[in-house]
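Data block below; observations after.
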Amino acid sequence: MNLFGQGRHLLSVLQFDRPTLAGLFQLADAVSPIARREAVCTVLDGAMLGSLFFEPSTRTRLSFESAFLRLGGEVTTTTGFTFSSMAKGESIADTARVVSGYSDVLVVRHPDTGSVAEFAAASTVPVVNAGDGAGEHPSQALLDVYTMEKELAARGGGVDGCRIAILGDLRFGRTAHSLVKLLSLYDSLSFSFFAPPGLELPKSVADYATGRGHSVHFHDTVVEAVQGVDVVYATRVQRERMPEDLAQANAAGDLLNKAILAQADNLDVVIMHPLPRDSRCDSFDLSTDVDDLPGLSIFKQTDNGLIVRMAIFLTALGVSTEAVRLTTKQRPWRATLRD
Amino acid sequence: MNLFGQGRHLLSVLQFDRPTLAGLFQLADAVSPIARREAVCTVLDGAMLGSLFFEPSTRTRLSFESAFLRLGGEVTTTTGFTFSSMAKGESIADTARVVSGYSDVLVVRHPDTGSVAEFAAASTVPVVNAGDGAGEHPSQALLDVYTMEKELAARGGGVDGCRIAILGDLRFGRTAHSLVKLLSLYDSLSFSFFAPPGLELPKSVADYATGRGHSVHFHDTVVEAVQGVDVVYATRVQRERMPEDLAQANAAGDLLNKAILAQADNLDVVIMHPLPRDSRCDSFDLSTDVDDLPGLSIFKQTDNGLIVRMAIFLTALGVSTEAVRLTTKQRPWRATLRD
Amino acid sequence: MNLFGQGRHLLSVLQFDRPTLAGLFQLADAVSPIARREAVCTVLDGAMLGSLFFEPSTRTRLSFESAFLRLGGEVTTTTGFTFSSMAKGESIADTARVVSGYSDVLVVRHPDTGSVAEFAAASTVPVVNAGDGAGEHPSQALLDVYTMEKELAARGGGVDGCRIAILGDLRFGRTAHSLVKLLSLYDSLSFSFFAPPGLELPKSVADYATGRGHSVHFHDTVVEAVQGVDVVYATRVQRERMPEDLAQANAAGDLLNKAILAQADNLDVVIMHPLPRDSRCDSFDLSTDVDDLPGLSIFKQTDNGLIVRMAIFLTALGVSTEAVRLTTKQRPWRATLRD
């Protein structure tokens, strides 16, 4: 049985248990030299990715496409809402059946919750969910947890037993929900949440964590929330997804900055963010003044995203680490690019 | 002389005679294992397709691009009406001359009839017409006829002498026109047409078929039209191309469904459709209730489209079956994807 | 030190001196057989180009992408103003840092002057400026000068000491500015300028040339300007970049045509244009009636653009001519495409 189950689709973080998560991360470790351009891999020679973004998300699309290309595959891209056949009344099932005939694996992003699972049901090839509205975006949670593992390991620790603050819009941000669920696979975590009024974490998500033995704390200030934690995960206020009055109410100052971390006596904490970060004034987001702190990991997250997505594709296509090893070689431009 | 003539362009189904059509289909047969991912081919290593869709047509674009990539080539894509140079007054001839300098073959779709031929006249590389408004869309007719050959052969028959019903919008749908013309290369066909009032087949197309010795029948009901035929080819009412009153008049119920086929005592007929199929209620299109019938071939058409387009590219670039054979190999991900 | 300096970015024509320009052109000469499809090259096997066009420019994008693909690399493309993260308030620096993690070199076009340099400052990989508004578009000037070298050499001459007429919108057209600056690296040129009232060359650009020892002449008619010159470089009136009254005032007749060249007794002159050429009536651009003249070089420019951009990528990635030679081979479709 494939890591992703019988259909080989990756639709939700709930598909994982601790061993399958560890298996995916081992594969990610194995391909990281390829992602870092220390070697060139051709294992997916002749394989085709259909990249279907019915909703725009340039960074996610580029990360998936680059990951597939780095493994030697080829990509066809479709972006935007105007998928012409759908506009002519074609069902998701017909679209999925047709385009799966052109590709070996599909990455699908769609604005409607559940639509990617519907797409997968009619596809003849594995489907990777790249975000379905308020639903899931599993590769984001996977790269976040992978980054936590790496950053905590570099400090001599691990995810089990650690303390994690999650800040910002915890109501409309699906990222926080998926992250809490995936982290719940670990042991004895302590979650500290801060959200502005009206943007609180849904009770169901908090219950999910406590039901799996983790402790959950809600704080009224960011300073309180980040005191003593190992990792702070800040999120953008997704104003485009919320009522106007909530959007207005949360547009002032910074969510997190160096002064707050100093006040909480936690300037060395691992700092994460799913990006994009809103760097405009009064965006109520992560300030750029933290960019010189030692724990800044926000670009490690995006770099790791490439690695994790390579592992996702290898898993979906059932490629072994050994097959990767046999098709990896030196690159002709080795001595010349940033080395 | 190349199968497509001196310019190596594929502009119209009228370029074919029976031997050149057979030659193209033999090439398609030869590359079908590559399309089905049983092998990887690198024959077009280093070759470049310029995919130019001045009018959107995602499925056609993906099919052409995947076909080229499956043969080892590379693709650059341009989509949308806003080809910026043309908006600045550049002639089709200048555009064609410039972009043909970047590619080894071009696929062009354009909303204006005749524009692709104009494009080809100035191109320095072969041009494949992917649809020029009310004009031609030759690869669609080719994949349709190829599918008919395969499906009828699987039933122990052939296209010569067979009975074919063509249903739906026979006036605005260029697909039906090209299909009738290409099928007319065969011997002794019997065409049964059904179109709603106002959407009848142009007399010129019917005359084309009778002039080549085929019999042509017009029917007042779909039941009548599909009785005793070997193949039924249903088409969508192209409401976006017709006057509002005609569009309104043809928006109720199904064009073809299981009940109609049962009434005509022809539930085993080969069922085809150029897709997309409008699956909304009262779309007056092919119902999804036929999807479990044994003769359903609509997704075989799109799968075959990939194969036929691979053959088109090989023909345009003058690549032999032998060259394909010598550059085809096992894929490293063989044992793992759906096998 | 890399030809492009420490950052390996190509941001401006002002980065060049005469030896580095000669070095780039030697590299271009070396790869021209690959651009002409006489051979296939895989030197950039496994390398990734991120093609980021925040402003549309199809021809420039296709030229860069084709150049990279011809060298064996892979491309991811982003076009249009709606780069979704930037719309959510992401800074150019954050965007650059993230996407540079997905690629080995970036080509960036952006409507704002200076934005590409800002992008490069935060990128972890080399950035090539493909046009930043009224700022620079260095690859255009490089391909123009490369073409002049080739065309004048074919006539037994060289760029040093030659006479060059530059016509049209010399105020809003950044092409003319960059061209004059890059040409100023040569010796003893004589520039003849013609611009309609209101579209004259900025004094700073003329001073740049005279400051480097070239002679500069302003003419009131095109006939006068093109008399006795070796090269005439015509440019389109960029109506979309100027006030309405200026746009209106310069919309009649031809800027340059065969009759004008005959009157100036210079029908054999090398004729250049950055394209697109506005071929509509009264566009006040280069007439198509010059297309049969022996000196027409406008499509040689676009063909050379591919070659020069290949050389730009090799330089940015530090690839040697020797590495190119070792990874160049016959193509399997050799005997069949236009040979």
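Note that the chains take the letters A, B and C in the order they are written out, and that residue 1 is the start of every chain.
The working rule: a residue touches a chain if its C-beta (ideal position, glycine included) is under 8 Å from a C-beta of that chain, and two chains touch if they have at least 3 such contacts.
Since we're looking at a predicted model, the values are computed, not measured.
Colleague: State the superposition rotation angle between the two copies subunit B and subunit C, fitting on C-alpha atoms only and giving a multiple of 5 degrees from 0 to 180.
Modeller: 120
Colleague: Is the contact between copies subunit A and subunit B built from the same residues on both sides or from different ones, judged by whether over half of the numbers are shared?
Modeller: Subunit A vs subunit B: different; shared/all numbers falls short of half.
Colleague: Hey, how far is the Cα centre of subunit A from the one of subunit B, in Å?
Modeller: About 40 Å separates the centre of subunit A from that of subunit B.
Colleague: For subunit A, write out the residues touching at least two other chains, lowest number first.
Modeller: 77
Colleague: Applying the document's contact rule, which stretches of subunit A touch subunit C when the two form their complex?
Modeller: Per the stated touch rule, the residues are 37, 40-41, 56-59, 62-63, 65-66, 69-70, 72, 75, 77, 236, 240, 275-280, 283, 285, 288, 299, 302-303, 306, 331-333, 335-338.
Colleague: Applying the document's contact rule, which stretches of subunit B touch subunit C when the two form their complex?
Modeller: The touching residues are 42-48, 50, 74, 76-78, 82-86, 88-91, 94-95, 97-99, 101-104, 124-125, 317-320, 323, 326-327.
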